[in-house]
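Chain nomenclature is as follows: A, B, C, D and E, assigned in order of appearance, with residue numbering initiated at 1 for each chain independently.
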Amino acid sequence: MSLVEIIFWFLSGLALISAIMVLLSKNPVHSVLWLIAVFFAISGHYILLNAQFLAIVNLIVYAGAIMVLFLFVIMLMNQNAETEPRSKSTWIKLAGAIAGGCLLIVVVAAVRDSENLIQNIGGKAYAKTAVTTHGEIGLIENLGRVLFTQYVVPFEISSVLFLSAMVGAVVIGKKD
Amino acid sequence: MPIHYYIILAATLFCIGVIGVLTRRNAIIVFMCVELMLNAVNLMLVAFSKLHYGTYLKNGAMGASGIDGQMFVFFIMVVAAAEVSVGLAIIVMMYRNVHSVDINFLNRLKN
Amino acid sequence: MIPVLLILIPLISGLISFFIKDVKAAKGWALLSSLVTFAISVAGIWIYNQPANLHYDAAWLPALGSRFTIGLDGMGQILCLLNAVAMPIIFVSTYRNMYQNPGAFYALMLLTQAGMMGVFLAYDCLLFYFFWELALIPAYFLCSQWGGEKRIAVTFKFFIYTFVGSLLMLIGILYLYYKTPDESFALKAFYNVVLTGNEQSFMFWLFFIAFAIKMPIFPFHTWQPDTYEQAPTAATMVLSGVMVKMGIFAVLRWLVPVFPAATEQFSQLIIILSIIGMLYASLIAIRQDDIKRLIAYSSIAHIGLMSAAIFAQEKTGLQGVMIQMFNHGINVIGLWIVADAIESKLGTRKFSQLGGLAQKAPVLAILFVVMALANVALPLTNAFVGEFLMFNGLFRYNIWMSAVAGISIILAAVYSLNMIQKIFFGETNALTEQATEARSNVQWMLAILAVVIIVLGVYPQPMLRLTEDTVNTILAAVK
Amino acid sequence: MNNLILLVPLLPFIGFLVNGLFRKSLSKTMTGVIGSGVILAAFAISIYLFLQVRSGGAIPTSVYFDFINIDKLNVQFAFQVDQLSSLFLLIITGIGFLIHLYSTAYMHEEKPEHFARYFAYLNLFVFSMLLLVMGANFVIMFIGWEGVGLCSYLLIGFWFKNTNYNYAAKKAFVMNRIGDLGFLLAIFWIIAKLGTSNYADVFASVKSFTPAELTGITMLLFVGAMGKSAQIPLYTWLPDAMAGPTPVSALIHAATMVTAGIYMIARSNIMYTIAPFTSHFVAIIGLATAIFAATIALKQNDIKKVLAYSTVSQLGYMFLGLGVGAYTGAVFHVMTHAFFKALLFLGAGSVIHAMHHEQDIRNMGGLKKYMPITHITFLLGCLAIAGVPPFSGFFSKDEILVGAYNENPLYYYIGLAGALMTAFYMFRLYALTFLGKFRGTHEQQHHLHESPSAITFPLIVLAILSVFGGLLGIPALFAENAHSLEKWLDPIFAGSHEYTTAHHLEHSTEWMMMGVSTLLIVVIIVFAWRSFSRKERFEENKGFGKVLENKWYVDELYDNIIVKPLNGLAGFFKDVFEKNIVDGAVNGVGRLVQYSSRQVRLLQNGQVGSYILVMVLSLIVIVLLFREQTVIVSALRKIF
Amino acid sequence: MNTIIISAIFGVLMMFSSISVKRVSAYKYIAAFGLILLLIMNIAETYGFQLFHVNTRDMLRFDRFGLFFNSIAIAATLIYILLSGRDVEAVGKNTCDLFVLIFFVMCGIGIMSSFNSLLMLFLGIEIISIPLYILTGSDKKNLKSNEAALKYFLMGSFSTGIMLMGIALLFGATGGFALDRPATMFGPLPVNVMEVIGLAFILVAMAFKVSAAPFHFWTPDVYDGAPSVFTSFMATIVKAAIFIGFIKLFEAKAPDLGQGWHIVIALMIVATLFIGNITAIFQQSVKRMLAYSSIAQAGFMMFALFSQNDTSKEGIILYSLAYSLSTIGIFAILIKMKDVTFEGFNGLARTQPVLAATNAVFLLSLVGIPLTAGFWAKYYMLASVVKMESALWLVIVAVIFAAVSVYYYFRVIQAMYFKEGEAALATEVKPGFRFGLILLAAAIIVIGVMPNLLLNWLYF
């Protein structure tokens, strides 16, 4: 088992456990913290995949900004394990879990079939592994160039999106 | 790493997010689970981008170089941020009115 | 130009009528408009009957291959005449009836007339469908607004029923449209469309159900008695006098020639259904206690005969259907006029509360007897000619069926005479004691109808001549 | 000539229009003059036409216009005056005129407008009857056929305030209609086969029918005749029809309308002749009716009912005659019957008029001295109908019975029994009415008087005809070639003669039959005279008598096996089937929609969690659908 | 491109205009001005006039179909603003901002009608959705509005997650986001399961956005809870825009899905028609009934997805127009009503004949009665499927449900015309409003009688 694999398994385990803990934590604050852990694990994966820029952005934007926002809101509302609403019946939980599980099974089963397909498309041309050794495309330089050439239109448009979100947040948040 | 490892991992995270949405009643947690789903997607996109990058490397002339995937992740993060701002504003507004974040607390609208 | 005027005059005058507030003005306007329409339709038959005057064609929806093609053939002439003659008679005979918001009432009546004219005139299937629905909407409003106690629910049933039918027909129309070589809705294109056997049978039913509901044929008839009972009588006259003819007309124009093979295939089934309906409706009519319901069931029975005669596909029968469409309209309107006169005078339509009116209103009684006898198809009334021909056609198709159908003749006598007897004969009671003779406008209209009934009963040949070409066309398409 | 012929039916029609439209403004006298005058005029023209026919044979068919003309079917509005129809014309207009005249007096108590209405109806009746006999094809005959039915309906229900009368009228119409349906189908059959219904064409091409077709057509025609001429099983309307004014009974229900069936069969004799099955059937039905109605007449107490059943019985004889091929005899009997039955009815009317609408013979008696003319004429009528020589009934009935004997002696014996019964009930009637003591109230007695001359004049004329009418058909037994009627009608029945071999009876046999029957009849008459002329008390009928009095309970039988089940079925259709099944299905769809609406909306429970759960489950299903599409597509293909 | 840029710029401008313009009632005129400008520019673009020359790198692709739809959407919004602008003012204090959000939505609509990349689709949907969350919750004190906003937001972001998963899988399978099928050096890329699964996810998300059953659950609650003015906007123009996106996307991708596509869409259509129509019958509130009716109408619009031919493309435009105009009209009247239950409409014909008559026209149009624009809408939808000749059963089912729809639409007409009652208005109705309604109704009838006025433009 190579180092990469060890790291992969570690990060994957961390991500999954943390994700499950997000669900299981009674206290919302704990959930937030577990979620941050998930984000860290995912950032680790990004680094493993040589997507350094995204790894950093993920940490800064998600783990840093967004989750802190969540945390603030939770604290603002003084949420804790006691105030946490509980499902009246375990049936709903069970149904939810089963549904989610089924979805997983279905998707994985479907995609596993395609594993061979990916491999065999057009002879042997397609890769079937995610490359972890080369990392040019994940660099900020490459991404930036593409963003401001190829992706300039969506970039500009996302500014409108932000603006509308901003206006919206103000409209909603402002006290009448 | 074999791509289906990543697919399965991302799919699992995604489904954990779905299960969270289905089982939790705290609006904030539900929302967090949605964020978890988005992150799973991000992970998958990055993995795929490296997969296609690999194909690019192998064949040299393939159309897809894989950078699109990472670009998309960037935009997802942007949108997620915007969504979070609005979403939290709505949750706060609701909390102001009813002092609860239970999604089942409000069920005037039905049938 | 004649067909255009036939549609436009009622349409425009109807729209204008919405804005007339004064009762008398509204009535006068409607009457004037209907008389003009009548004059034009008469002119279209006897004066300007050159083909150039009877057809009109204009671009309408070039993008869809639909044209505004309208025209009058013999069948169209007869039905337009019926439609045109019915309105003035209805307006005059119900002249004294007071309606809330009269402008709107007469406007809707005229719009219904316009819609029905369009149905009888259309040579383009999409146009036909348009008018088919257009006739329904004003009728719905008429019945719902000015009708009896249960009007809303009942009229609604009527509406939904016919709406389902016409939507099914729309599917059929579209299917055929795409089957025509140059994607056209023209009548000729529909006649020439080539379909496989399965397609024919399927499309046949899509069309037929729409028409069967309108006619109505057993077992699609249940909207009818309720609607006739609840609708204001003026509207009932339109519905039963003219509108049900739309169904028969449509079968003759749009069903039988378009799907000859399917017609052949299902004719026996439909004839049996029609005959069952005739007997069934006649039997029910015997037990009715309400004038309007009785007439309604009697109408179902008569329509059943027409339907059976159509599907027998015999020339004599078809000729009978043509002339009977007109005759039945005249007769049934006459019956409704009497029903309305009685109801407006005495406030009841129940046989159990009536009786002995002949002493109080002899003229009405005599005229009603004439109408009722026409309903029974007594010789020398118009209906005899039609029924004679239709039974004849049916007989040529199958002896036993015509014999069974013939039982309805006997039953018709039973219920019609029942009706006469229970309303007019016997001793008067407390209610009918106060009755007086019907108003002169009612009497005059009934007298005119009676004259028409007798004249057409004695000398039907001109009417038969008028429709002969249409019948030949239909039969040619079938063969 | 065409116009003159047209005038015959047109005159009564004009009378109908004038009397009908101006009934409020015309005086009674005017009404009477118009009503009777038009018939008299028609009678005059009829005589002229008769003479024309006599001198020059049948007048060519007069075509007026195309009634219905489409290439498969051609019906002309055309009249045909030949030996048979001219004879009927005379009977109809002649007797019709007498009855009109009679009515002016009989109906004089009515209000002017009803009086005018009455005459309008009568005129219309004569018009229809004329159409019936003059029409040159079956359709025109059918028009008249139904027209007389209508007039019968109108006249039976003339006093429309009385509900029972109305029921009787309706019954008459409906029963006639049952027969009409048969007639109509027969016409269709003929038309379907030949494309025309002209007598000339039909009878000329009678050979083109197969035997089965011919049997079918003739049977259906006979169904029509059954209805109109009141044969078993459609006879029950006729006795009930006595609800109408008595002159009406005389005209319609005795002299003219009910003989339409005989006319029709006589007219189409050729078809019957070559359809032996039908002929036998006609004979049997006729015979059965004759005997059956006679038995009922034995026990009736209503003066008009007795006459009514007697009419049914006599009609039966006529059909017997037609059935056995004695067409001339049947027509002869139509004529004589018209004379004496009209006479009897009018006489009965005169009695009823005098008795102030009392019709029960148990309350009469001894009218001989109050109403001499009525009495004498009535007696003559009775003798005529009973078949006492040399009154008219004797000759006509004898001719039929001889014909029946030729066919089958059994027919003769049964027919003779019927004749004896006829003699018995007629003289029972006569004795109870005119002989003995008066049994009515004093008030009635006080008012008894002979009727006015407008009533008695027709009686006298008809009595003369009843007595001497038989001379038209003196059998060969008495004098060779004296049967003028047979000669007259020979062209009509010539076609049939081709198919039948006339076998004449030995003269001795015929003499004996005649003698025996005459003797028996006289015996019966004497017996009836004796037993009823002094009768004072009337016991309740018991046993068989009661069955007869109640008309074999046929009305009740019909009521129970036809009317009530039909009514029940109608009620079932109206209240159960229509409401619950046909309409119920429609409303059921509506209710189903409403119900599912109430259930489906529960899905929308307001909980985000469950919404999303459904979404996720649906997502799983869709993914599966796409993955397994080949399997599912083939499964769905099977369904759709 | 004109639409996207100008609507964004005008939105920003308008945001700042609230600094100088203090009179609340002026905003709607500014907005109307902006929309007119937008309309002119869009039409100009249809004829080839580009205000800005932007190299979109094939992320956006402007064709006649999209531009034409833009015109329709903008025109409908203009009518909406003119009819219901006054009611926006009543919602909250931030009137100007609400108009601004509508402009941002217009920007999103511009993207939906022209995207050529899944990224643009995603951005477009989000740019539409986020303002809508806000608009739904804009009646802040109203708990129903709050609830609606929360439900909408949670479910909306969940569906975004689903959609992104789909996009990710699709990316994995094809290596790109473009709608065009990427060509490899070995010839066209074959379809594989991952792509199909990805499309299934996207399909679900899009179905959610257009409220197709069984992903429709948010619709009644959100439409009911949102302020009526915005329900009107959401249920009509926005929904139509997303439909256009839906159709554009699957026009390119449906061939990859094979027969399963038709099965799934057919099932969804049937379910949508069933749920929409059947549940609408039960409703007591006209507003909620309209929410269900919008589901039912979506079922009809999905015919365009099913058939995917020229007729369906023309038809969806026509349907959008007819349906939007009618629904906008009904909502404009509904907002004025004091009582939005069916009983609240009793006797409206006597107290407010103009409102009642126009409302009747709108309702008839929704039913699809000839002589109204709605007929042609349904006509085209049915025709597009009939043309395929293989799915008549679906058309028959649709027709039966169309008949069911008569039931609840006509309940309003019955209440207005045939029932006794005193329908009360919540606010005064100005003559201008009446005039506007009459014009709208007239437009619907004109299109109904002479659809060729519009049909002449519809060829793609």
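Please note the rule applied: contacts are C-beta pairs under 8 Å (C-beta built on N, C-alpha and C of every residue); 3 or more make two chains touch, one makes a residue touch a chain.
If you're wondering where the values come from, they're calculated on a predicted model, not measured in any experiment.
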Exercise. What is the touch distance from subunit C to subunit E, in steps?
Worked result: 1
Seminar exercise, completed: Neighbours of subunit E that also touch subunit A are B, D
Exercise. If you average the C-alpha positions per chain, which one ends up nearest the average over all of them?
Worked result: C
Exercise. Taking mean CA positions as centres, which chain lies farthest from subunit A?
Worked result: D
Exercise. Relative to subunit E, which chain has the most distant C-alpha mean position?
Worked result: D
Problem set entry | Pair sharing more residue contacts (C-beta pairs) when A-D is set against D-E | D-E
Exercise. Quick one: subunit A and subunit C, Cα centre-to-centre, how many Å?
Worked result: 71
Problem set entry | Inter-chain centre distance, subunit B versus subunit E - centres from mean C-alpha coordinates, in Å | 27
Problem set entry | Chain centre separation in whole Å, for subunit D relative to subunit B (CA means) | 96
Problem set entry | Approximate Å spacing (C-alpha centroids) for the pair subunit C, subunit D | 36
Seminar exercise, completed: subunit E touches at least 2 other chains through residues 119, 123, 126, 130, 133-134, 137, 140-141, 149-151, 154, 158, 169, 172, 184-185, 193, 196-197, 220-221, 282, 407
Problem set entry | subunit B: positions in contact with at least two other chains | 3, 7, 14, 17-18, 21-23, 25, 30-31, 48-49, 51-52, 55, 59, 62, 66, 71, 75, 79, 82-83, 86, 90-91, 93, 103-104, 107-111
For this session: Going through subunit C residue by residue, note those that touch at least 2 other chains and give them in order.
Result: none
Seminar exercise, completed: All chain pairs satisfying the touch rule are A-B, A-D, A-E, B-D, B-E, C-D, C-E, D-E
Problem set entry | Interface residues, subunit A side, partner subunit B - complex | 4-5, 8, 12, 15-16, 19-20, 22-23, 28, 31-32, 35, 38-39, 42, 45-46, 48-51, 53-54, 57-58, 61-62, 65-66, 69-70, 73-74, 76-77, 79, 84-87, 92-93, 95-97, 99-101, 103-104, 107-108, 111-112, 115, 118, 125-132, 134, 137-138, 142-143, 146-147, 150-151, 154, 158, 161-162, 164-166, 168-169, 172-173
Exercise. Inside the complex, what are the residues of subunit D that reach subunit C?
Worked result: 20, 65-73, 113, 139, 142-143, 145-147, 150, 153, 157, 160-163, 166-167, 169-170, 173-174, 177-178, 180-181, 184-185, 188-189, 191-192, 566-567, 569-571, 573-575, 578, 582-583, 585-586, 590
Seminar exercise, completed: Seen from subunit A, its contact residues with subunit E in the complex are 107, 110-111, 113-114, 117-118, 121-123, 125, 149-154, 157-158, 160-161, 163-165, 167-168, 170-172, 174, 176
Exercise. If you look only at subunit D, which of its residues touch subunit E in the complex?
Worked result: 593-594, 596-598, 600-601, 603-604, 606, 608, 611-612, 614-615, 618-619, 622-623, 625-627, 629, 632-633, 636, 640
Exercise. Taking the complex as given, what residues does subunit A use to touch subunit D?
Worked result: 92, 95-96, 99-100, 102-103, 106-107, 110
